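The structures considered in this document are given below.
What follows is subunit A paired twice: with subunit B in the first complex and subunit C in the second.
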Partner chain A sequence: MAVKNNLKLIFSYLKLNLKKEAQYKTSFILKIVMMVLNNAFFILQWLIIFSIVENIGGYGLNELLLLWALSAGSYGVAHLFFNNAFSIGYLIYEGKLDVYLTQPKNLLINICCSSCSVSAIGDIIYAFVVLIITGAPWWWYLAIIPILIIGALIYVGMVIIFQSLCFYIKNGSALANMIESAITMFGTYPPAIFSGVAKFLLYTIIPVGFMIFIPAQYLFLGFNIWYMLMFLGFAILVVSLAFVCFKFGLKRYTSGSLFAGRL
Partner chain B sequence: MTKYLNIFKTSIKQEKDTVLDALMRAVSFFIIIFIFVQLWSFIYGEGGTQSVINGYNLKQMIWYLIITELVFITPRPNMILRSISDEIKSGSIAYKLNRPYNFYFYNITTFMGKSCFLLMFMLPCALVMGFCFVGSVSTFNFYQILPNIVSILLSILLILVLHSILGLLCFWIEDATPFAWILQKFLMLFGLFFPLEFFPKWLQPFVAYSPIYSIYSGPAKLVANFSWELFLQVFASQVVWIIVLLALGVLIYNLGKRRVNVNGG
Partner chain C sequence: MKAIEVKNLCKDFKTKVKYSGAEFWKHLFKKKEVNTKHAVNNISFDVEEGEILAFIGPNGAGKSTTIKMLTGILYPTSGEINVLGFNPSKQRVKLSYQIGTVFGQKEQLWVHLSAYDNFMFFGSIYDIPKKELTERINELAKVFEITEFINQPVKSLSLGQRMKCEMVASLIHNPKMLFFDEPTIGLDPIAKETLRNLIKKINKEFGTTILFTSHDVGDIEELCKRVIIINDGQIVLDDSMKNLKYHYLNKKIVQANLKTKVKLDKKVGIKVLKQKDTMYKIEVDMNITSMDELMKLFNADDLQDITISSTPLEDIIKDIYRGNTQTHD
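Now for the complex of A and B:
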């Protein structure tokens, strides 16, 4: 029942946020189209690189584009549904959580879903455009949907864990922003170029290994059930940790006595 | 001119409160360069058999990328874009129209001050990363440091001028951010990621005579393979593009400010 209620809340927020954003129709459409074009530019980068070398660690252009589909898609889902999770540090620092604390809904979900990024729709569309470009088999179009949702949950979960540091330290969001940008940067490069400490970080605090590399390698390019179970298990672990970190941190929250309302 | 110098100094002083932000940017800078080093080492080492690709060896390539990334990360162009577009959209530009300075030049000077402050952090980081990751290039000489810094400063100024022009478009359009995305991707693809020599022969003249060369390829090539002839060439192209784009910005600003309606209050 609780799951059903929370899902209802998430989709109600999405509907409301999109209605609000769609008031400026030209800007709304422009942001989506430009984001697709923005991402598409990177295909040219890789075309130039693959004119120099045939492949990088077994990854050719099609495999690279698959990484892009997973990366842009997960980023898109995260920012479409849970965009406000990326501002939690700011809300804590400014004492602006009060308005959410008074509402009879799960606090963390309520905060995370209360805003959306329109350009994120462009990211999600791009994920599917990339599949078309690579001539992906039909089942990839279906399989990628849950993968993007789980990837987005890992991404948002990790960001919340670091944003929760703001309950303890003044500028905790700076570290969270750094982790966030590292996740977006590492995810679109072939895994073979990373080794040692870098590889360790990519499977822990910058979890693109789980978000992108594992599903790419062990679902789309090959299949290994154990790795996919690890992917799922890591998502559950990160999301649970995010709830726990936020809940513990919340005990230290002090109100900014700010008079605010949400319209 | 003195007033703009004072605006420049004031903005540097204000930036002293943002040391943590500068440190975080330095960490991001490190991450990006780390990825580039991994990628290009792979391409030069195992992936590719050539030790020199399109006239660049690995050291020169990494120094090229360090300088282009330094120029990319230091000016924070989205900030000048947001600052100008927010003031236009909110109408608060009205308070600045009657002040004894040009709103357009004021913003460029302010953000140039901020960028210079950040450059004081980023430049040593760039040097440390370059020397640690690949060491100095064989052609390096200490006398090239000053011309290198001059060309980096001019390329930062060019980025700010370009983005402030985009910000001024908000006199006519709701949001200029999507245009900035596309501009930045052009800058990245044709300057930040690859030197001029990596592009097809037919494309090279277009890139060479565009502002992109003056912003990225020129100053970065100066570090990777310095010569006074190249410096004069890059310096001349930077000055010409700054004059042209500043003039274009003034024209757009003068046309745009006529559209401001002040309702009092």
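Now for the complex of A and C:
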């Protein structure tokens, strides 16, 4: 019942946000198209690199593009459904959680899904365009959907954990912003080029290892129950931790008296 | 039955000492002293069901902090709160189905969307079935007279129209209790009057208990039978409007235009506030003297014009804020 209720809330917000954005049709379409093009430019970069070298860390152009599909897709799902998670630190610091606190919904879900980024639709479209370009088998189109959703949950969960630091450190979103940038950056490089501390970080606080590398292995090597369990287990762990950190910090919320409006 | 019961409620905010100028750099990496501000300091009060209560005080007195604790936005440092049988900090979700809030300084509507879309969304937040929700919106739209602009984007509405829509949004789930934090802020006198009438109507037609804060004395005078004044986090007055007026409206202002000058200075209880030639503005403390005593000082034939008025409620409240007036038991 609670799951159904929260899913209903997520889709109500999505519907409302898309309606809000669609008030300005040209801008709405442009945002999506520009994001697809923006991501596509990176293909050019890799085309040039792969004209010089045959593979990087065992990854050829097709495999690398698949990393791009997973990275952009997870990013897209996160920003389409849970865009406000990336502003939680700001909302805490400015005392803008009041409206959400007076509504009868799970607070964290209510906050996270109350805004959406239209350009994120471009990221999701891009993920599927890449599958078409690389000639991916049909079942990848289906498998990628839960992978992107779970990947997005890992991404959002980790960001919330660090954004919750704002309950303790005034204007403390800097670390969360850094983690966010690192996730988008490192997820598009072949995993084999990372080792030692870098590899450790990519499987912990910058969780692209779980978000992107492990599902990529799952797609390349076929179904593997251990990969799946690791992927799912890590997502549950991160999301649970996000809820705990946020709930714990909320007791320190001080609200604010600034004039504010919802745009 | 009590809608709100508050016992020994406290809320402290801790802030680090800030330094300015060169001192700032000197103390940048030093451990800073922590100051504790008692925003709400041991207050207790009750609100009866169906009551309209004004919760007033100067800026920074602790009104908004108290409302935020009552609605579950802030956790109290200590004390007990019971709102409609719920503990707001532990049963926030259950309580929020029963209460509505309007913060004059914080909009909850999505300004790019129409008021109608907003209401439909808020209805879904409160899990109201679609048919019931449409009926409720139509009913409220009639009461609040917003039918004309209900389909316009909120951003294109005037402040008064927006506040009406904010109120409708807060009433969509038919709450038993409403919290209004400065709902008339920034409104013109006509819009204020309309909103006041609507608040009265909500109270009368739906039997909703209303607790509101305002800096506008007109709101308080027109709407409530009871007022709580809070200053420096403590309740300095909790009384009915009737008593407030009776006990504190003990000073009369007399404006008299005489033919000749008179000596008034030495009379106890009579204070000349302003004098220009033979025009006098006099304050008479009715607890010390009487109007008769003042009249004895005038020669009846000298009187050209006289007006007697009570001290404006605004001045009384200002005096209570400043601590100039003794609160009565």
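Methods note: the second predicted complex is superposed on the first by the 251 of 263 C-alpha atoms of A that agree within 3 Å, B and C clash if a C-alpha of one lies under 4 Å from a C-alpha of the other, contacts with A are read in each partner's own complex, and residues count from 1 in each chain.
Here is the rule we use: a contact is a pair of C-beta atoms (placed from the backbone, for glycine too) under 8 Å apart; a residue touches a chain by one contact, two chains touch by 3 or more.
Nothing here was measured: the structure is a model prediction, and the numbers come from that model.
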{"item": "Subunit B versus subunit C as contact partner of A:Gly135, first or second or both or neither", "value": "neither"}
{"item": "Superposition-derived comparison: subunit B or subunit C, residues of subunit A touched", "value": "B"}
{"item": "First (subunit B), second (subunit C), both or neither touched by A:Phe41", "value": "first"}
{"item": "Partner chain in contact with A:Thr26 - subunit B first, subunit C second, else both or neither", "value": "first"}
{"item": "Subunit B versus subunit C as contact partner of A:Gly196, first or second or both or neither", "value": "neither"}
{"item": "Of all residues in subunit A, those that touch subunit C in their complex", "value": "5, 8-9, 12, 16, 19-20, 23, 96-99, 101-105, 250-251, 253-255, 257-263"}
{"item": "For the subunit B and subunit A complex, residues of the former touching the latter", "value": "20-21, 24, 27-28, 31-32, 34-35, 38-39, 41-43, 47-48, 53, 174-175, 177-179, 181-182, 185-186, 188-189, 193-194, 198-199"}
{"item": "Subunit B partner contacts - residues on subunit A that touch it in the complex", "value": "24, 26-27, 30-31, 33-35, 37-38, 41-42, 44-45, 48-49, 52-57, 119, 171, 174-175, 177-178, 181-182, 185-186, 189, 192-194, 198"}
{"item": "Contact set on subunit C toward subunit A in their complex", "value": "13, 64-65, 68, 71-75, 92-94, 96-97, 99, 101, 103, 105-113, 117, 121, 124-127, 153"}
